Structure formats: structure tokens, C-alpha cells
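The structure appears right after this line, and notes come after that.
Chain IDs A, B, C, D and E follow the sequence of writing; residue 1 opens each chain.
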Amino acid sequence: MDRNNLIKWLKEPKKMGNKYSLWAVYFSTACGVIEVPPVLTSRWDAERFGIIPVATPRQANLFLITGYVTTKTLKAIIRTYEQMAEPKYTIGFGSCPINGGMYWDSYNTIKHLDKYIPVDGWIAGCMPRPEAIFIGVTKLWGMIDKGLATGYIRYRENYDYYRGNQEKLFGSMEWPPLYTLKEGTNDG
Amino acid sequence: MAERELELIFGPQHLGMVGNLSISLNVEGDTILSARVNPGYLHRGFEKLMEYRNWIQNFPLVCRINMIESEPVEMVYAMAVESLAGIEVPERAHYIRTMIQEMSRLSCHLTAAWAYTSILGFDTPAQWAMGDRDYLLDLFEELTGARVYHIYNMPGGVRRDLPEGFEDKLLAFLDAVAGRLPDYNSTFFENRLFFERASGIGKISAQDAVALGGTGQVLRGCGIKHDIRKLEPYAAYGDMDFEIPTREGGDAFSRVLVIRDEMVQSVSILKQCIEKMPSGKVYEKTPNPFKWKIPKGETYVRVESARGEFGLYLVSNGGNRPYRAHFKTPSFVHGLVILEKLLQGANIADVGNIMLSLYVIAPEIDR
Amino acid sequence: MDKLVGLLKGIFKDTDGESLGKNRLRVTAPRGSVLAVLDYLKASGFYQLKSISCVDWMDENEFELVYHVASMESPLHLMVKTRIARDNATFPTAIPIFKNAGIFEREIHELFGVEFEGNPDLAPLFLENWKEIPPFRKDFNMREYVKETYDSIPSFEEYQWQKEN
Amino acid sequence: MKLAEFIISPILAFIIGIFLMGLSRRIMARIHRRYGPPLMQPVIDLVKLFSQRTVSHGPIFDIGVILSLAGTIALILFIPFGGMCPLEASGGLLVILYIMLFAPLGLALSGGEGANPNISIGISRKFILSLGYEVPFILIVLAVMTYYHTISAVDVVKAQSSFHWALFSLPLFLPGLAYILIIPAMLGIRPFDLASAPQEISSGPMAEYGGKYLALAEIEHAFSIFITIALFVDMFLGGSGNVVYFFLKVLVVFIIGLLINAVFPRFRTEQAVKFLWKWPSVMALAGLVIVLAI
Amino acid sequence: MSLEMLLVIAFGGAFLTYLLGKLSPVLRDILAVLLTLVILAIVALFYGRTGESSFMNFLGFNLSLRINTLSWLFAIAVATLGSLSTIFSLSYMKGKERLDFYYLMMLIVNASMLGIVFSGDLISFYVFWEIMSWGTFLLISYNRGPALAAGLKYIVMSIVGSTAYLLGMFSLYASYSTFNIADIASRISTASPGYLLSVLVLFSITFGIKNALVPLHTWLPDAHSEAPSPFSAVLSGILIKMGTYGFVISMYVLVGIKALSHLGHGILSFHFMLAILAAVTILVPTFIALMQDDAKRVLAWSSIAQVGYIILGIAIGTSLGFAGGMFHFLNHASFKALLFMAIGAVEYRTGTRDLNSLGGIIKKMPFTFMMTLIGALGLIGFPLTNGFVSKWLIYKTLILGKDPFLAFVALFGTWGTILYAYKILHNIFMGQLPEEYKGVEEAPFSMKFPMVILSIIIILFGILPGIPLKVINVIGVSLGFKSLAVNIWGIASDTGALNTINIFSAILVSWIVVWLIFKAAPTSLRVEQDNNYAAGSYVPTGRYLYTANFYAPVYRIIKPYVIDVVDIFYMALAGAVRTLCDWTRRMYTGELGSYVMYIMLFLAVLITMRLGFNIW
């Protein structure tokens, strides 16, 4: 650990802790997940940077949404995302969550993930290579440093928007709103 | 006394779940009374999407049906198109296809080894298997330009010839993997605890396996010598000399050991491929894809994927796109029928164990 | 192969058999005798039902059900086909003959809307809250549906712009 | 002097425990043929966990996890460690045996209010496992206490001074080996990590923990690594009057344990209990019989 | 106030209460509570008194009452539990029928227990003993139905016990021609060991049955689970301890330490045999308790196991062990009564005590949960509760007495205890709250009050064990044991001292430290129970609670070994007796000759037995 890092540690331990200890939700949302095991195992070894998969969303602070998202999965993603501890970061992985990718006309996949949950960063490509994941993570570090990775705050502040969109898609949701909704927005 | 049953939800967000699948278990104590597999988390409607795309456009699409092993899907689609359009494939292309099929099988088996071992808690062999697989992906990348989705098979052959020196690299890799086998054996396959965890778990009889539509390791783990590569040789498998490994147990232990033996066979087939590789062109020219119409007809083609029989029922109505495609994937039956049956009465500690010994891969179920 | 076709034709008068290349045999049977044919095939060594496919022939207003059966020892693969009416499509289940038929029927029921009589479990398999016509029917316009469902949801920028104005 | 021990010994134990946790991740990584995280990684994780905002399911959810860590810290004070044992005359090994209950019981109560079946199954497994390893453990402790005719841990250490280590004495050799066998079970690490088996029951009792709860549980784990091995060092390797020597002894035992657990998968619950009731128990029992016979 | 007056108040008050109940139920309740409180006050005032007085001449035998520290200790426990359980009954029994009868029997059983501990001679002991037995029978079968069967089982075994007692009593009278305990004790030291042993065995059967010592325990699980909860508290808390009192009286008062130590040697001695029996009593019932699904049945089996600890401590017969056993008797009375009351409160509010169908009640009854927790911790012997100290004493005795195997059984039993104690806590209070219990309320005050008192006792004696230990030490010394170095915080000793204050402060300080760290971190968000990890899905309503078969793997392992063999044996015996009776009917031939022959045979057997005693 060099001196610069040490000073940063003393100054902002919170940020540094969040940077170097990204615990990922283990959720194989879709095909992108096939590049996650290599990243976590001996060839690429993400544990060097403190990235490990954890069992439940409560323990995690990084959500890699790997690939296209079907409506059924989206529900699980929202549930999982809402259960994560704050601060939490999401990375959309692959082309499909950005704009539907090659499933742009599929009846069962959503096209823009950021309409339903906030996404802090995107990694494009189909498949993104393991290096791309690391680049994505370093970008996320930069965002955490600069205080830009604020998806979870955006979610809380614009909860009526996100919840509204979710309900538009699903009709009704089984669980009550996580945050209180602002007035007159929950009619869509 | 009223007995209370618990509904334990296993997946999709679960460390023990490889792929995006949900199983809801009806549990009393730690015994599963009944299980219900809830698929559909990955359903994109491939077969519908294919009806909207022309014959060539479907190649990049179909390989995504199975993320872990895309080769058999490409292969089966290419074979179906060839069979409908009546295209002959050059001999060298057959060999290259065989080679890449086997590489893909090896890669898939290594992934399975990772998944299976990490579910049982064998961290060490899990990490090794995944690390070794990555070198295979490097070879894929050199050959096709991509690590995961290769889109290498085309109607009429393969997209490009082998790069220079590829055979040597492949041989070097094969030797390295064969050299690792004793390590894997001692830490995993011959580990006493692996035997205790896996033997007798997820036991299925040969009759049930056939009646429920099992293929691949499920049959071979019950002692039935069933392999499409031998039964109906496609590509260059007719020229290859290999055996179908079988075990008698019908339990998770037998199925996993069959997987190991298949890896050994794959290595041998790959070596034969390199040895016997004929020269010549690697693809047959096909018409302009936008104007290409395939005569009316239907076909069912099948290949032996790493998990069992992979089939495609393809119908053309004489247009420039498929009229109907229907995939017969091994995991569909394994995951929805056999898994539910085997989970009945099992212990909750063995859900992942049984699921992965059946080699269930979620996207194949959902398509 | 021809022998089998002959045999089948001998027993079931209205069936028709046709070879489709190497090791493939297409057997066409009317609605009433499909299950009997399957039963006979199972008795004569075709133990395994590989899959059931459904093809929507919208122009002829018919569904075509294709039962793929195969034996374990021989490479022969049979496709037993029948046509059923497209409106209010119903068909008896094949569970009594092949234990694993239920799951294929469940899939077809969801994606095409064919009602299989006698199948105890026809719950939706892949989709949740599906309100449209079954998606694999030819008259389901997928692209229209996508436009209506997904593209109509406002993006975050639109929402912010709306909020500010 | 005595007062300083009350502060120094938990802090030292914490440092050693965290160091061992980091080291274990590093060594495991090397066995996996990879580089592994920095040694400081557990500290980084703790910093992050304490900065997170997570959920609570109720007062017992909080109290339980605090209780579990508090009990473990209190336990440190009863263990002779590098010449320090702040509470030596307060009940001896029997009290240690009982205060070791705080951690699992606290976690169990806390998890119980978490209202998640994964937690309940995890707790049930944890208790079953403890029933499994307590048989050999009690026998081992009894053998030691009977042999030295005292229930005080300090006296046990004193009796082994000048290299009369119990591990290399005839009657206590087998119990010593049995203790090494049950260390992974007591720590709940592989092959006995069935209570928190992440692939089976989503990390069991930890399923609803995030942020500070997880941090406290991790600290508790670090402490219990230290305690379990320190007890071994005290009972069988003669403890030590010197913190550095003590640490070295702990390190050696820890690495031996780590190599064992690197190559084994997880037991099923019954298999674990049967194993623990078989080999370690028989060894400990044999030791006890020899002790009585002498 | 004399002892006679106390007993007169106790019995007379009971009948007065019954009569008053005919007038006004409210007055009856008040009187019952007042009566028990008055008795408690009087008994408390008796502290430190010793003495003996004769109160009646019955057929020429002098019946006497007697008080010393030993009987005072039991009496205060009786009086405390009596008043607390009566207070608990107020709301628990409200609305049930035959309440006058219920209160009458409760008070009479209490009074008779006081009579037992204050009896100075064997006859009055026997009379009070019978009153207690029959009163208990009527209370156990109060609910009719299966309760009647349980009661019958109890009374049949009780009668067997009484018969054994009578045999022992008359045998003693035959030898010493007095019924007075003190008189017998002063003369008995000259008796032959064989005779002493036979008397002890006879008394052991009586007290073993009451104390539910394996293999004489089979009445207890049914009786405890069928009796009304407040009475279960009395039954388990103090009534079965009358057996313990009997053991102490017969072993250490009647026979005395010195004579006892001559009864065999090594493994074959009387107290070692009793200790082994006690060890079995700990081991097997603990694991049977683990497999029960009815909360009160768990506690019932647990009572048997805990009695094992008491008898183990007493049987070992060192001053430390005796102190441990006696202290554990007090502790068991407190925490088991508390647990029965807490379960009773839950049953009162939810209408069930089935461990498989409850769950999540902590959200509705947090107070009852705390009480159950304290009771369970005491039961486990958690540090800072009284159970810890008494168990510590017992363990230490066993370890330093070179009985590591008994110590192993005792310690292992404790770990079994943890399992079932947590099962009770978890299955009733933890987990998801089912829909049908959404409207449950907290227990009423008259239930809370006794529970609070008991929990205070548990904690107080846990942190300051010196208070009861000093009294127990006095008893021990009076019985001829060596005096212990008792302080207010525990026991000083060369071979490992106990200091509860140290433990308490260590835990308190580390608690504060951890709590400060906990508070320094960001506050956590309080969520509802359905905001819970379910692998990405929503929690299914009412189906997300793990209770049934809580320790399934252990059940599978121990099931083949842990069965109530004794009960099966008795049931087989009962069946055999029935067949035998059918067969014996044929013996009644109606001829005088055959009857004469039977009588001769019987006498021959008696004579042989008598000879046998002498030879021994």
C-alpha cells in the first residue's frame, strides 16, 4: 500500500472500504454469468481486489446484472436489489440490459434496465470479456471516489418513478413499497 | 399433531443455483416432500424470434440458447439447414466440426466440474477446473475470435480454416489437461468424502431413466450405452475410435464419474482429429443470405451435446426464414421431470448436488 | 423402416408413413388414432418420447402436433404427426403412454394454447401474468407487443424533464 | 498490570484473529493456484461493513449478535494467553466451556428473529454439529482436567512448563490429536461448514445479516479462531509466557488445520455427527481411559 | 407461630376457600391468594428456627412436627411456588368449571407438602404423603379424557411407592419400635449394612417414583403435559422434589453419611449405583425431550433429566456435590416453574402448545419471550443464571472425584438441553408469525407477576449464588458434610474457584464495548418479517417457517437408540398382568384346601425373604 492510498484510507475510510471490498450478489441473471466464474477463479482472480460472491443480497453491495433480463427475472432483480445494504452499486453487464441487444423484439425481455432500477455503470459487449469486467470495476472505483455512484440514492429519491414503472410492467407487486411513495404518482 | 410444511425457495438468487432457475421445495424437517421446478427466468422465446429472422441471421441467435456450450446448438442448426437445403459439407469441415464439438464438450465438462465441486464445497478442484477451462477458451478465441459465442459453424462448413500452429497449441493443452488428471483424481474423484456425499444420492433406475426421457449421463450413469455419436454418427465421428463410458450406479456419483471418463475420451478424440485431419476447403458456398429460400420440408437432426441428446425439429414452408423451429434440449426433461422426481425424499443438502449431477442448465430449459 | 410402415398401415388403416432421409420416419395419423399408434410403437420398442412439437399452420387453421419417439438401440427416429383444429384446440393427453409427456404438453399449452384433456398440471411454465394470446401462435404480433409494453415506459430522462416542467 | 491485561489481551486476540483470517484467505488462494487478496482484506471488509446501512428484524436480532460477540470477548479474559489471564480464578475450564455457548446461542437468538427458514435450518445444523463436536471436546477437556487434577486453565498451563507438553505425553497424545480433528468443526469451517453452507442454505444464520451485523459476526469468527486454537495451545502445547511464542504456536496449529480443510468438501449433517462421534471421540475416550488407568 | 398453627391455617384455609367459592368466586380467588401469601410470610419468618414438637397421639404413637434448615429450605420453596402458581391460576383458570374444587386441591396439595417437610416421624410423613398423592391425582385428571388416564398411571405408581414405603416403615418400626425420625437416626448406626440397604432400596422406590428417577419415571411425561399449567409448575417445580427431600431424609438423616459410606465400596456402593441411575436419568430423557413436539412434554421430559442432576449431586455425597444437588433443586424449581408458566401463558393466548404450529409469537408476546428466554437459559445452565452455578458445582465434584464419565454424561446432557431449550424458544417465539396468530395479545398481569418474580430469582441467584449456598452450607454442615468456603459470589477453592461477579462484570463490560461499536455504525432500518431473503422471490404467506422436525438429522441418528424402553416394559407388564389375572381366576377353585396351600406358599416366600435379609 503506497502512501497516497494510506492518506486516502485515513481521510475517507468509508469510501476506500466500499471500493476495495465489493461483495457481489450471486445472481446468474442471464448468459453473461458465464464470464463471471472465470473472473472469480484462478485465472483472473477477482479476490485480489476484494470481489467475492456472497450468498444473500443483505451481505452484498455490488450487483452485476449479467445479460438480458426477462420480466420474471426482473421481479427477482428488483426484490434482490431492494434487499441489498446501502451503499450499493449496480453494473449492467452486456448489451442486452442497455437496450435489449439482440433480443430487441423478444416479448419476454425488458429493453432498458435503467427504467426499473438505477444502474451505476454499463459494460457493453456480448459477451464482455473478463478484462472488461475489471475495467468496469475500476470505472466504478473512480465513480465511488468522486461520489458519482449514487444509484441507490437516485432510487430512494425517485422511488415513485421506479415503482411506477415496475407496476406498469407487472400490474401489481406482491410486496409493499420499500420507501413511502410521494403523492399522486402511483396511479399509472 | 399438525405438521407444518415449509416452502423453501431455492434460486434464482442462490449460491447453490447454477443458472437462473427456481426450485420451490416442500420441506419437512430437512427432507424434501416434493419439489417444483419453476423455470422461465431465461425465456426469450427463441423459437419465436427465429421465425422473424432469416436463415443466416439465426446463427448468432441460436448459439445463445446455451451459454455454457454453444457449439452443439450451432451445429444442430447448421445440420438442419444443410439437410433441408441439401448442402454437402466438405470433409475437412466435418473434422473441424468434430474437433470444435469435442473442445466444447471438454470446456462444458470442466465448467460442470467447477459447478459441481463448488456446490459440494470442494473449493480447490473447483478453482483449478475453471482455471484450466480458461486456456481452452483462449484456443477458441484464436480459432473463432470469441470466447463464448463462436458462431463458427455455417451452413456448408465452418467459417474459417484453422489458424497456423493451432494443432500444436491444442495438443499442448491436451497434454497439460491430461497431466492435471491425477491432481483432480486425488482431490476430487477419488476423495472419500466425495464418494460419501454422492453415492446413493439422486438414484434413478435404468427403466425410469428411459421412460422419463433421460439422455446423456443420466442414461450412461445407469449403464445404458447410448450416445448419438455412435448411434447415428454425424460430422466425422464415424471415423473416430472412442468408447462410451458407462457406470452402473444410477446415482450422482456414477454420473459424475461418467463425466470424468468422457473428458478422457474427448481428449483422445481431439488427438485423433488432429492426426486424421484431411486437407481441402472448409465450407461450401451458400446463396446470398437475403434471397436464400429453402424448399418446403421438415427435418429432425440431433447431436450428442455434453449433457445428452440435443435435437432440432425444423420446418420450412419454402420461405427465407424458418417456419417453425423446436429444440429438444436435454436439460428440459432432466430439469423439469427427472429433477422433480429425484428431489422427492432427498435431503435439502443435496439439491444442488442432484441438480448438477443431472447437468441441468437453465437456459436450455427456458430457451 | 419400410417394414415398420407396412406393419403400422396394416394395423391402423388411416395412417401414412414416409421416410425423411436416413433414419427418419414420418407417420401421419388422424386425430383419433395417434395415441393408439404411440401405444403400439412403445410396445414395439420405441420406449422414449423425445419431445412433442407443435406447429401453427395458421393458413389452414390447424395445429400440427408432432410426437418424436425413438428407440434406445436403433438409430430410427419417428415423428408421429396429427392435425387438430386451431380454434379451441383440445387433444387427449399422452401421459398414460409416456410418463414424461406431461411437461411437453404443459409447454405447448402455454405457448400455443392447446388444451390437453387429462393432463393434471397445465400451469404456466415460463411466463408470469401473461394476458395476451399464447405467444407462439402465428397471429401474435411480437414486435407490436414489445412496442406497446416496453417502449411505452418513460425513461429516467423523460421523467425528470416532465417533473421539471 | 492486571488491569492492563484486561485491555491488552482482547486487542491482541483480535489482531491475531484478523491476521489469521487474512492469512487463511491468502494461503487458500495459493492452494487454488491464484494470487489471493491482500492480507489486510478482512480489515477492509470490516470497514466497509461498518459503513453500510442495513436492516434489522427486531430488538432480539440486535441483542443476539451483540451478546454473541460480547460473550466471546469475555471468554478471551478467561484464557491464559502469553502469560496473561485476567480472570484466572473465576471458574476455570468449566466456565470457558460454558461461555463458549454465548456465541452460538446469541447468533441463534438473533437469527431466530430473522424469521427466515434458511437461518433456522442453519441454526439447527449448528446445534447438531455442536452436539457432535462437544462429545469429543468434553472428553478431551475432561481428560486434561482429570490428568492435571484441576479445573483451572492456568494450572494446566503451569503443569506443562519446561516442555512437558501434554501433546507429547502418553495419556494426552490421543486427545490432542482428537482436538486437531475437531478444530474445523468448532470453527465451522470446511469440511464442517454445514451450518453456514452458502450453497445449500444461503449461509444459514448469516442469511439476514448485512453491514454491522455481519461485521460483528466476522469479528466473532476471528475471535473464535483465536480462542479455539489458543485453547489447544494452552492445553496441549504448554501455552507460553511470551506473546510471540504463543502466537507462533497458534500459527503452526492454524496452518496445519488449514491444509486439512483445503482439500475436503462439506459433510452432510449426519455424516459430520457420525464422524465426530466416531474417530475423535474414540481417540479422546481412549486418552481418558489411559488417564484414569495411570 | 407454631408449626401446628401453620398446618391448621393451610388446611383450614383450603376448605374455607372451597366454601367461600360457593358464595362468590371473586372472594374465593382473593382468599386463595391471601392464604398462600400468608403461608409464605409465616414460612419465611421461620428462617433459622430448629425444633420439634409433638402434636398428636395416634394409636399410642407420638406424632411430631419438626423444623430445621433443611425442611425450611423445602418449605420456603413450596410456599413460594404455591403462592405464585395460585396467582398464575387467577387468569389461566378463569372460566373453567369446578374451580372451587381446583383451588381446594391446589391448596391442599400445598399444605400437604408443607406437612411432609415438617413431619418429624414416619407416620405423619406417610399421611401427608398420601394426601399429596391423591390430591395430585385429582389435579392431574382435572381435565378428564386423556388426563384421567395420565392420572391413573400416576396413582397406580404412587400406590406401589406407598406400599414400598409402608414396608420400609414397618420394618424400621419392627427393629427400633419408634416412628420418630430423629430417634431412628440415632440408633440406626448399629444396624447391619444389608438391613440398611434393604430399607434404603425400599425408600428409594418410593422416592424414586415421586422423583421420576429412571426407571420409575413413566408417569411423569403424561401427568405433566395433561395437568393444568399452574399445577404443572407446582408439580415439576416442587412436588417431585418431595422425592428429593425423601432421598435426603433417608440417605443423610435416617442412615447418615457414616453408615452410608459403609454400604459397599467402589462401584458397588449404594450411592455410586444411585449416581449411575441418575446419570441414566440425565442422558436418556434429555434426548427423548429433544424429540417431543408438545412444549409441555418437552418440559416434562426435561424435568426428569434435571432431576437426574439433582440426584447425581446428592448421591455423590461430597459436600460440594450435595451443595450442587440442593442448589440445583432450588434452581430447577424456579426455572422449570417459570417455563411451565410461560408455556401456559402462550397456551392461554393462542390455544395451543404444539411446537409445530406456533411461530413468531415474539412479535406479539415479547415479555413472555423474555421470561421463557431467562427460564431456558437457567435450564441450560447459562452463565449468570442460577443453573450455571449448581451445574458447575456438580461438574467440579465429578471431575475432581475422578468420575469423568459421570461428568461427561452430565456435560453432554447439558448440550442436549441446549438443543431442546432452543427448540422451544424457536418454535414458539421465533420465525414467521402465522396468519392465525396475528391477533394474539401479551399475557395478563396476573401471569406476568409470578413470572417476573421467578426470573428475578433466577438472575439474582445466578449473580449472587452465595445467598442460597450459605443456607445450603448450613444444611450440609448439620448433616455432617465438610463446610464449604462460600462467599457471596461463589466458592473459593484451590482446585479452581468460581467467581460469578467476575464473569458478570466481564460480560457486562464487553457487552458495553460491543454495544458502543454497534451504536456507532449507521442505524439499521427496521423491516417487516415478509421483507426477507427468499432467493429473489416474495416470501410465501404462512409457508415460510421451519419448525417441524427441527433437528431432523439428529432424530435420524438417535431414533433407534432413544426409546422409552421402560414405558414399553411397563405396558407389556400391564398386559402380562392382565393375562395373568385371567389365568389366576382359574386358581379360585373354591376349595378350602387350595387356599390354605396358597397362604402357606406365601408365608414360605416371606420367611425366605426375611432369612435372605439376615444372610445379607
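The rule we apply is simple: contacts are C-beta pairs under 8 Å (C-beta built on N, C-alpha and C of every residue); 3 or more make two chains touch, one makes a residue touch a chain.
The structure presented is a predicted model; accordingly, all values stated were derived computationally and were not measured.
Fewest steps needed to get from subunit C to subunit D, stepping only to touching chains, is 2. By number of C-beta pairs in contact, chains D-E lead all other pairings. Central chain (C-alpha centroid nearest the global protein C-alpha centroid): D. Chain centres here are means of the Cα atoms, and by that rule the chain farthest away from subunit B is E. Of all chains, the one whose Cα centroid sits at the greatest distance from that of subunit D is C.
Averaged C-alpha coordinates give centres for subunit B and subunit D that are 43 Å from one another. Subunit A and subunit C, compared by their mean Cα positions, are separated by 38 Å.
As a whole-number value, the distance joining the C-alpha centres of subunit D and subunit E reads 36 Å.
Once the centre of each chain is set as its mean CA position, subunit B and subunit C turn out to be 23 Å apart.
In subunit B, the positions touching at least two other chains are 6, 8, 12-15, 17, 22, 27, 30, 40, 43, 45, 48-49, 52, 127-128, 131. Touching two or more other chains at once are residues 531, 533-537, 544-547, 550, 552-553 of subunit E. Looking at subunit A, one finds that residues 27, 41-43, 54-58, 72, 75-76, 80, 83, 105-108 touch two or more other chains. Working note: touching chain pairs come out as A-B, A-C, A-D, A-E, B-C, B-D, B-E, D-E. By the touch criterion stated above, subunit E contacts subunit B in their complex at residues 293-294, 354, 356-357, 534-537, 540, 543-550, 552-553, 555.
Within the complex formed with subunit B, the residues of subunit A that make contact are 25-31, 33-35, 37-38, 40-44, 53-57, 68, 70, 72-73, 76, 80, 102-103, 105-109, 126-127, 129. Across the complex, subunit B meets subunit E through its residues 1-14, 17, 22, 27-31. Residue ranges on subunit D touching subunit A, taken from their complex, read 25, 29, 32-38, 40-41, 44-55, 198, 202-203, 206-211, 214.
Taken in their complex, subunit D has these residues touching subunit B: 28, 31-34, 117-118, 121, 124, 190-191, 193-194, 197-203, 262-269, 271.
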